[in-house]
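Letters are used for the chains, namely A, B and C, taken in the order the chains are written, and counting of residues starts over at 1 for each.
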Amino acid sequence: MADGRGPAGVVVAAPDRPTSTDATPAPPRRPAGGWWSPRGRERLLQLGFLVPAVAYLLLFFGYPVVQNALMGFQEYTTRTFYTGEAPWVGLDNYVTVISSNVFGTAMLNTVLFTVGSIAGQFVIGLGIALFFHRRFPLSGVLRSLLLLPWLIPLIVSGAVWRWILDQDNGALNRFLGALGVADDPGWLTSTSLALIAVIGVNIWIGIPFNTTILYGGLQDIPQDLYEAAALDGATGWRAFRHVTWPLLRPVVNVVLVLGVVYTIKVLDIILGLTNGGPANATQTIATQAYHLSFKEFRFGEGAAMGNVLIIISLVFALLYLRANRRALAG
Amino acid sequence: MNTRAHGWGYTAIGVLILAVMLFPLYWMLNVSLQPSGSAVGTPWIPLELSFDGYATALREQGRNLVTSLIVALGSVVLSLLIATPAAYALAQFKVRGAGVVLFGILISQMIPGIVVANALYNAYSDLGLLNSIPGLILADSTHGIPFAILIMRAYLLSIPGEVIEAARVDGAGQIRAFVAIVLPMSRNALVTAALFTFLFTWSDFLFALTLTTTETVRPVTLGIYQYIGTYINDWSSVMATAVLASLPAVVLLVVAQRFVAAGVASGAVK
Amino acid sequence: MARRGASLRTALPALVAAAALGLSACGGGSGGGGGGGDVTSLRVLDYYNNEPGKSTWGRKIDECGQQVGVTIEREAVPGPTLIAKVLQQASSRTLPDVLMLDNPDLQQIAATGALAPISDFGLSADGYQEGVKNASTFEGQVYGLQPITNSIGLFYNVDILNQAGITPPKTWDELKTAAAALTQGERYGVAFSAIADYEGAWQFLPFMWTNGGDETNIASPETAEALQLWVDLVNSGSASRSVVNWSQADVMEQFKVGNAAMMVNGPWQFPALDEAQGLNYEVVPIPVPQAGDTVVAPLGGETWTIPQTGDPARQAKAAEFIACLNTDENQIALASALTTVPTKTALRERFTTEVPRMAAFTEIVQTARARTGKLGAEWPTAATRIYTAMQTAITGGAAPLQALQQAQNG
């Protein structure tokens, strides 16, 4: 992150579009001639472009982040809200939380949930994006309607899916029963199926986001590259591997990193569907953190759980982007 | 993988994909038209149509829909005002610490919303910003600004430096170059960022819940919750409100769909 | 979250936001001015945000407001969001003058010091049902007055039972046989809520308590027997496997459309059930382990408290207001309108005469217990253990006693 390019966009030079952040080095700290020279005023102006955003971010995110990080080290209960007293307990909260019965399960569920969701959303999203990449009548309208699942309030999606997945009367089981395929599986009531069901619903919610961004990336790949490849005899799958995929990589990065960051803290849909049950089969770190804070009022422990989540996100983002940059450079 | 025109066969497949993806929305519509709003034993097709849910929703939620609209549009304006210059600076200026800022933005996306909401409640309470539209606009922009910066920066990276240099050589100042040259070129990215900011804000529930205490300023996402009570749920009103609440979004999507594709396209690639 | 005196926390946002918006800090919403002077309005916070509670309580609140000579500023929030709101208000010192709390939450809030004992204002809970009083008591002091209460009982579909020639069950064994006999086709014999939330624990309590189980240590044979009953009902097919995902509202829906012949639920469902055409139902107490036992069911309902707003005049007015809500007449009126039970034991007979349909619940409430009676502020943790064990056992993850032990030690 030290070279100024940042994690979220890796620079790819497409053949005919040079970018402007190539090899020039960062300017010296203090502009030659001081801050009020023409050069210096220029620098100030440049910083001025950034200041509102940085101020906003510090105000609205900076304080809560610090507050939340500290809460993990304090004994924070309902009493604290009223009296302001929150004795420092060091790592006690983390110890309690990590050694609880449910932590291992929650961790495993979180990993499965995240990996399952991202894999599903991405693959299906890419498939649909590729499909819509062709021009056919009404493709534009259809594509925009696809964004609808993402817009429905989660409380509504949760309720609707609960009915659809109901074991006795839900639309899904009625459908499967009519086909004669399965015998009333307990989607939300069986410890083995619940997590799969929840992942499925999350995939449904996430497909539109993936499709839209990937579609955009596909649109941007110049047509001539495909024609050139076709001349060399590469079409279909080979064209995908050698033309589409490499040029799509940067978009894929954004989609995957943001996807993981958003998915790992998913809360409302799980609460709406199963509340973490049955028997903790769908309990993730995020839902457990919520439960500790707002149901059992053990805010310090809840914050500790939440911080575990943030650390995992961070580690993932760093590792992934580092590996990716290396891959692209090499 | 090319873009030659295909026929209606593809449209049929497209409709099928859409049908599968949108089935739950159909179910939502179905329940909203049921007389008793009972979820169990709901038939596949609403044979007995009942518009009670919609009557209730329109009667009680009309004002909330307008509130949501104002807050969402306001948030779009604010987010673009703050995010676009920042994205430009991060993309085109060689500013030290740009990496730190970007990293900070990524971290901000990892914070649970409720943490931000609680901190804001205290501050707003002291400042008298509770139950105010400007307050909600400020808060909801936390959804839009980080995302907008990331998306727009990616696009702005690909604007050739020469174009801007040319303008500068002709005597335009930084700001002039930005407004007259860069903004028009990045229209698609702007529209995309605006669109997603609108959608994020429109569906926000957390700040609506936390930062209001009366019914005067109540976004429609909170309005829906009114029908989900401590003891009884009135599902047909809930679903009717949800349907009504998605209409503006649907309209926007279909109208702006060209921009969504094209904008995000060049945007996220670089 | 916590208020730590003057600090950068308030200074920084205040500076920038004020500058940006040109606002002058108007201060928070902490009720009227300082002490002394006449109190002309009271702020009330409750969670009766939809019908029928909203208008019924709305009317009563306005009436009592008029009676004590104030206008009421009322905020009614959705149920699950009340506590979060209370905590926010506690930390920004903007608690209302009158705060309604669900009775098991009172201990938590009282423990913070944010509530004033009602005896400070000359009120007392003498004459109230024992369990109701316990729920509002923290460390020997009473912090709230609860005018109405409810509990849960066994609802049954009169027509279905008559057709099958079955009488409403009184013991566990009768329950099992009746449920088995009534399970036909799409219809289950009995439905209850075993959801992974406090509702699930609440439904389990009468079975646990009546058999001698105790929430301080759930890994006991008595509790295991109660849990075994539920497990047997589900395993034998008399109750749907979906009970682990049903809230009480879902259970009511199942009963309403005839998918369940009997259900465990509370009197707040009467209005919704009455809407169903042709549904003929009655209520009996929940079956007991052995004939002759008395059922011990949990107590529901909300209690009205007086937060420490720092203004004694307002607090005194709030106390008058709460006393008004709790007069004999108002208790009866509220209980009839909302199909619940008055809490003053003396009103019992009168109420049963005036509202015969509530006879079963009035009887159940006599011997009911408060959830927080023994554990106080530790109740939420115990409730979590209960429903975790319950779910593990019902989904076949472990035998009842093991599931309870695991949860107890978790």
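Here is the rule we use: a residue touches a chain if its C-beta (ideal position, glycine included) is under 8 Å from a C-beta of that chain, and two chains touch if they have at least 3 such contacts.
Predicted model, so just to flag it, every value in this text is computed and none were measured.
Draw the chains as points, connect those that touch, then say whether the picture is a line, ring, star, complete or other.
Drawn as a graph, the chains make a fully connected set, so complete.
Counting C-beta pairs in contact, pick out the pair of chains that comes out on top.
Chain pair with the maximum contact count: A-B.
Roughly how many whole angstrom separate the Cα centroids of subunit A and subunit C?
Distance between chain centres, rounded to whole Å: 38 Å.
Measuring from the mean C-alpha position of subunit A to the mean C-alpha position of subunit B, what distance in angstrom results?
From the centre of subunit A to the centre of subunit B is 16 Å.
Mark out which residues of subunit C touch at least two other chains, giving numbers and ranges.
If we look for residues of subunit C contacting two or more partner chains, we find 1, 3, 9, 13, 17, 84, 88, 91, 259.
Could you check subunit B for residues that touch two or more other chains and list them?
Within subunit B, residues 39-41, 118-119, 138, 225, 228 contact more than one other chain.
Give the residues of subunit A touching no fewer than two other chains, as numbers and ranges.
63, 67, 166, 169
Enumerate the contact residues on subunit B facing subunit C in the complex.
Residues 36, 38-41, 118-119, 121-123, 125-130, 134, 138, 209-210, 213-214, 225-234 of subunit B touch subunit C in their complex.
Where on subunit B is subunit A touching in the complex?
1-8, 10-11, 13-15, 17-18, 21-25, 27-28, 31, 39-42, 44, 81-83, 85-86, 88-96, 98-112, 114-116, 118-120, 138-139, 141-142, 145-146, 149-150, 153-154, 157-161, 173-175, 178, 192, 199, 202-203, 205, 221, 224-225, 228, 235, 238-239, 242, 245-246, 249-250, 253-254, 256-258, 260-270
If we count contacts the way the header does, which residues on subunit A are in touch with subunit C in the complex?
55, 59, 63, 67, 71, 76-86, 100-102, 162, 166-169, 186, 188-191, 274-281, 291, 294-297, 299
Could you please specify the touching residues of subunit A with respect to subunit B in the complex?
Residue list for subunit A touching subunit B: 1-9, 11-12, 14, 17-21, 24-27, 29, 42, 45-50, 52-54, 56-57, 60-61, 63-65, 67-68, 128, 130-157, 159-161, 163-164, 166, 169, 171, 204, 207-208, 212-213, 215-220, 223, 226, 236, 239-240, 243-244, 247, 250-251, 254-255, 257-258, 261-262, 264-265, 267, 286, 289-290, 306, 309-310, 313-314, 317.
Contact residues on subunit C for subunit A in the complex?
Within the complex, subunit C contacts subunit A at residues 1-5, 9, 12-13, 16-17, 83-84, 87-88, 90-91, 108-109, 111-114, 186, 195-198, 240-245, 259, 377, 380-381, 384, 387-388, 391-392, 394-397, 406, 409-410.
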